[in-house]
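Following this line, the structures themselves.
Below are two complexes that have chain A in common, paired first with chain B and then with chain C.
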Partner chain A sequence: MEQLVPAQLTSAGRAALEEDETQVATATRVSLCDRNKKLLHECKEGMLAVTTHHVWWWTPPQPGRNPDEAHAMKLPLQRILKAEAHSSLFRREPRIDLFFASDPSAPLLRFVFRDNKCAEVFERLQTSLARKNWEKPKQVVKRESGFNTQFAGVGGVMRRQQQEREQTANLTTEAFSDLKQLLDSASEIVKLADRFSSAISQNQAKAQAAAAAAAGGSSETVERKQEDDFFALLNDMGIANPATKRACGSRYHEELARELADFLAKHLKRHSATGAIALTDLYCLVNRARGTELISPNDLYQACILMKPLGLNFVLKTFESGVSVLQSISLNDDTVSSRFVELLRDQNDPFTARINAVSVASAFSLSLQLALEQLKTAEKLGYLCRDETAQGVDFYLNLFEHVQIYDEEAPPVPPPVPPSH
Partner chain B sequence: MEKAPTEAEFHAKFKAFYTLQDNEATRLKQVRLWRRLVLEDFARQQQQQQRSQGADAAGPSVLSLDSFPLFTNAKLDRALDAAGRKAVADDLVASGHGQWHDAGKTLYVFVKTPSEWASIIYDFVQQNGLGGTIYTVYELHSGDLTRNTPIQGIEPALCIQALEILENQNKAEVYPSDESLDETGVKFI
Partner chain C sequence: MRRNVGVARAVRARKERDAYQGKGAELNRANLEHFQTQMAAFKRELENFAVKHKKQINKDPEFRNKFQNMCSKVGVDPLASNKGFWAEVLGVGSFFYELGVQIIHVCLATRDANGGIIQFEDLLQYLRRIRQRAGRETQQISEEDVQRAIASLEPLGNGLRTVKVGPRQMLVSVPMELSPDHTTVLEAAQTHAGVLSIPVVQRDLGWSQERAARVLDALQAQGMTWVDKQTKDGVPAYEFPSIQLNLM
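Let's look at the complex of A and B:
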């Protein structure tokens, strides 16, 4: 089938969309057939996705199997002449037939559906074909080319900024007033957020350079903190294609797991220096990023359970106390424990060097709960020992480690009588 | 192999020494360090007693869980927690270095274990040909018989434990007394 081109999946096994591309429909258990209703080679029951630019078809990679066996293909929408939907009453195999310019009389490609998504996918496909997003110009905000006295001088700069603000405001009003248009604008909104965040990070870099040069004022740090927060918010808005229950049906949790893996691969470093995040924190992060189509705590938990069997880069770990965290598989307890030991060795005297949940949480950007769990794990592995105080537990280097004990101990030799003090 | 700090250093400088450790392997070592500290302290006490007060006034070595001074370190503002004290006491008993006097509260401490004493006593008996006669425990710890030997001043309770070990080995016969520990008799075979 020459019209189909090989395509890339993300490391978590989802379609790697292009910059402007937005997913509009998905279906599971879709088979590809040729004009004679014969199944194409190895194209039985895979995932289908319709986007603004392509139709994607792929089999999600299974852990433990040859990655080459999982293949992904996409079909550029612009090659499709027209599409027809057929559902037979007798055989429960609704299908969409695609016609191409090379032979307008017969459908060269058919999608056969096993789930009940055929109608919805067809409607979205028609919309995408009509919209022809691949032809749209890329910029939202057009810059005036050439010099215009209207934009000269301070007044001109202000006018230009005013114009940009209006365009941005129009964009957001337009986008949010009509959900259909939101689909269009989704990718543009994301680009806008990216632009803001890169502008802010440039500002940050400049401010840091200035602060390094000058004595550094306190008002700057307040500003920078606000920018940091805004920057964080924008970064988290990066998901434009959430896996929803409607779209994925019975594969919901699996798709969600893959989405989480992609999200964490990008963002976990910022939220945790030890590569682990408590499920409660992850729940907040992910729902904030999704915005709508929020996921329930149970959905999150089910998705996390699937991570290991799916062979994704994260694994759910439950501590004795019942706290659950998701952590990257490259992380292990010994690595984390060694970092705690490093923290302790940096202090001068091994007898007084101590850390606790508070100091560790702030050093590694962890929640207190997670910090305490990781400290207890390090204690269990013998790296640390504990001192229980009225204020909580402090952890010290395990100086007991090298103490030698014997089954038969020689009777103690009393030390010489010390001079009276 | 890194050299570990001594029990004295742990006691003087390490706050964590005063919390009974959760980690089993660590706890084992911690309790052993405490055992050494306790035995060294009692050995020193006994030496001082013998030097200053003479052989006759060997008071019993009793450790009170509440008031044993080494359990508290004012400079570090720490005191071994109750679970820790119990663990140290249980360890002394289990290793043959202790016997409950008032269960849970006070403990006889034996710097040498009863089996160590059994060997010492039996060697002494062999070397001096003391088999066949009946002696009292009092004679063993305070009589002329053992003057200037290590056996002088041994605690009656400890002595009896040692003698019972010898009895089990068929090396002695013990005759318990209703009146006092000191009156207990023993004949060596």
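Let's look at the complex of A and C:
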């Protein structure tokens, strides 16, 4: 057990991967045994994930509980000496034994599988162990250091740049020569592509400015700019551990819900000022981030329904018009209502202070419709009272809750204390 | 005799500067050309690679992830399939789901400019151009394909709606519940003493006629504005009683 180190889950209860880490296999209902092959009581039937760098094991957090309380551990792959898979007709549960350098003769750790993922997990684990991704990737483009008269002066700069160009051209031919090569140089390619595209777009911006100054902008550069913007949306949003139906089985929608919650926690601000996003927009963004592992509209919807029962930070809300949005729970009815009350109390006289859809919409940067809806909800919950006038509907603090009604039969009650100003 | 003074020096200095600048520009041009050819090469190679190694890519989640990462950096749309080129290669799901993602993507990318209302013809043109980027002879997508793709998004609620404005089909991607437009118009009404018209909104906010009309009509449906169709110049005036009364 000492091989496993405590690990951090994301706020939605998934493995918090490192930057270059990719999840390659998952299994549910996996239990842990120690060196005496005894089942560890606190490690029964959890989630297992194999990544390029670790084996993760955790119990998904309970709804409403702090994710830090979840039991999560990981094992750096570099510590594993070898792995063996065992399954037989007579034992019901297939298992994977892990051996460590400290004792090559006996397994110190055993994973017992209740679902049918053992073979797949084992295959991926072997691949990850063989690839040794934790070792530093080799540098492909090297820059000559040290002074050399060949590279001095203007001619030198030109010669050096010429040499760099040749090197990157070589990289392209080499990298795409076979699968393993491309895998090894993938991050190099990404870096180069980043550098190239920013240089190209800078140059385009310059050309565009020049063209605009000369002739009011050509349609071609405008089109290209639009396309760049289009692809800019794709950048830096990738999901390295997409939940898949194949890997998660019956837990697919739950894992998807957790994935969405993590994704929104990270990216919602960039796409929505209001803390709410239409499911259609989300469908596009999350599928772009997943690349080719598309989720269907129906699966997305099913996952959204689960967010509330799972206690995640977002809830599905469907308006009367049929528009569905995911809302951050910071927008829940009671919180928003108390923000309205605060807004009213901040005004001078709580008896005459009033708000309406427009003032609320601009104060909290909500849409008019959403503002109106929230006001009506606050009214329903007893926080506000409406006043319908020719100028429109205004909302006041609900002061009736401070008023007591005298019952003549009942013994006299002391007069009510007016609310403090 | 002293050198390096007077007119001769200034002329020489300028010549030198011009020479350096010329060299600099030459270098930049050479680099830029190189970058562009390399990017094109990346793109071509990625596509060839997908064809050649589709089995391994599909089987290997790590590689799949890296591959996608490269695609997005190099500007290859992994969904720009030819009713299935990439779909076939990478086993991507249904063509209409993919097209759905691309349609919403176009809506998102153009939203700043059009407020979430796009004409069908523009949408189609955009989609065709994006799909052509993948460098294959693209199967033409039709308006019907787009309609079917939108219909396939039905489980996601009414976030996308097609509306007919006169003879033109438009796709609205920002539902009223999430649009800041109505608040913006009410704010504009305040600077115009509580009276607006479609042309005024267009001019003030730089919106299309459709966008302005849509927002004003929605506000009318909510009872926030009344329409006076009998104005002197024949342009309907939208009166905002709440603002006018407040100004009195």
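Definition applied: the second predicted complex is superposed on the first by the 226 of 421 C-alpha atoms of A that agree within 3 Å, B and C clash if a C-alpha of one lies under 4 Å from a C-alpha of the other, contacts with A are read in each partner's own complex, and residues count from 1 in each chain.
Note that a residue touches a chain if its C-beta (ideal position, glycine included) is under 8 Å from a C-beta of that chain, and two chains touch if they have at least 3 such contacts.
Just so it is clear, the model here is predicted, and its values are computed rather than measured.
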*First, second, both or neither for A:Leu300, with chain B first and chain C second*: second
*Between chain B and chain C, pick out the one touching the greater number of residues of chain A.*
C
_Output check: A:Asn398 vs chain B and chain C. Expected answer is one of first, second, both, neither. What do you get?_
first
*Please indicate which partner A:Glu379 is in contact with in the superposed arrangement: first for chain B, second for chain C, both, or neither.*
first
*With the two structures laid over each other on chain A, which partner does A:Ser324 touch: chain B (first), chain C (second), both, or neither?*
second
_Please output the residues of chain B touching chain A within their complex, sorted ascending._
1-5, 8-10, 13-16, 18-19, 21-23, 25-26, 28-30, 32-33, 35-36, 39-40, 43-44, 47-48, 78, 81, 111-112, 116
*Can you check the complex and tell me which residues of chain A touch chain B?*
351-352, 354, 379-380, 382, 385-388, 394, 396, 398-405, 409, 411-415, 417
*asked:* Which stretch or stretches of chain C touch chain A in the complex?
replied: 20, 23, 27-28, 30-32, 34-36, 38-39, 41-42, 45, 48-49, 53, 56, 60-75, 77-79, 86, 90-94, 97-98, 100-101, 104-106, 108-110, 129-130, 133, 152-160, 173-180, 182-183, 186-187, 222-224, 241-242, 245-246
*Which residues of chain A touch chain C in their complex?*
22-25, 52, 124, 127-128, 131, 133, 154, 157-158, 161-162, 165, 168-169, 172, 175-176, 179, 182-183, 186-187, 189-190, 192-197, 199-200, 203, 223, 226-227, 229-231, 233-235, 238, 240, 271-274, 276-281, 283-285, 287-288, 291-294, 296-298, 300-301, 318-319, 321-325, 356, 358, 361-362, 365, 367-373, 390-392
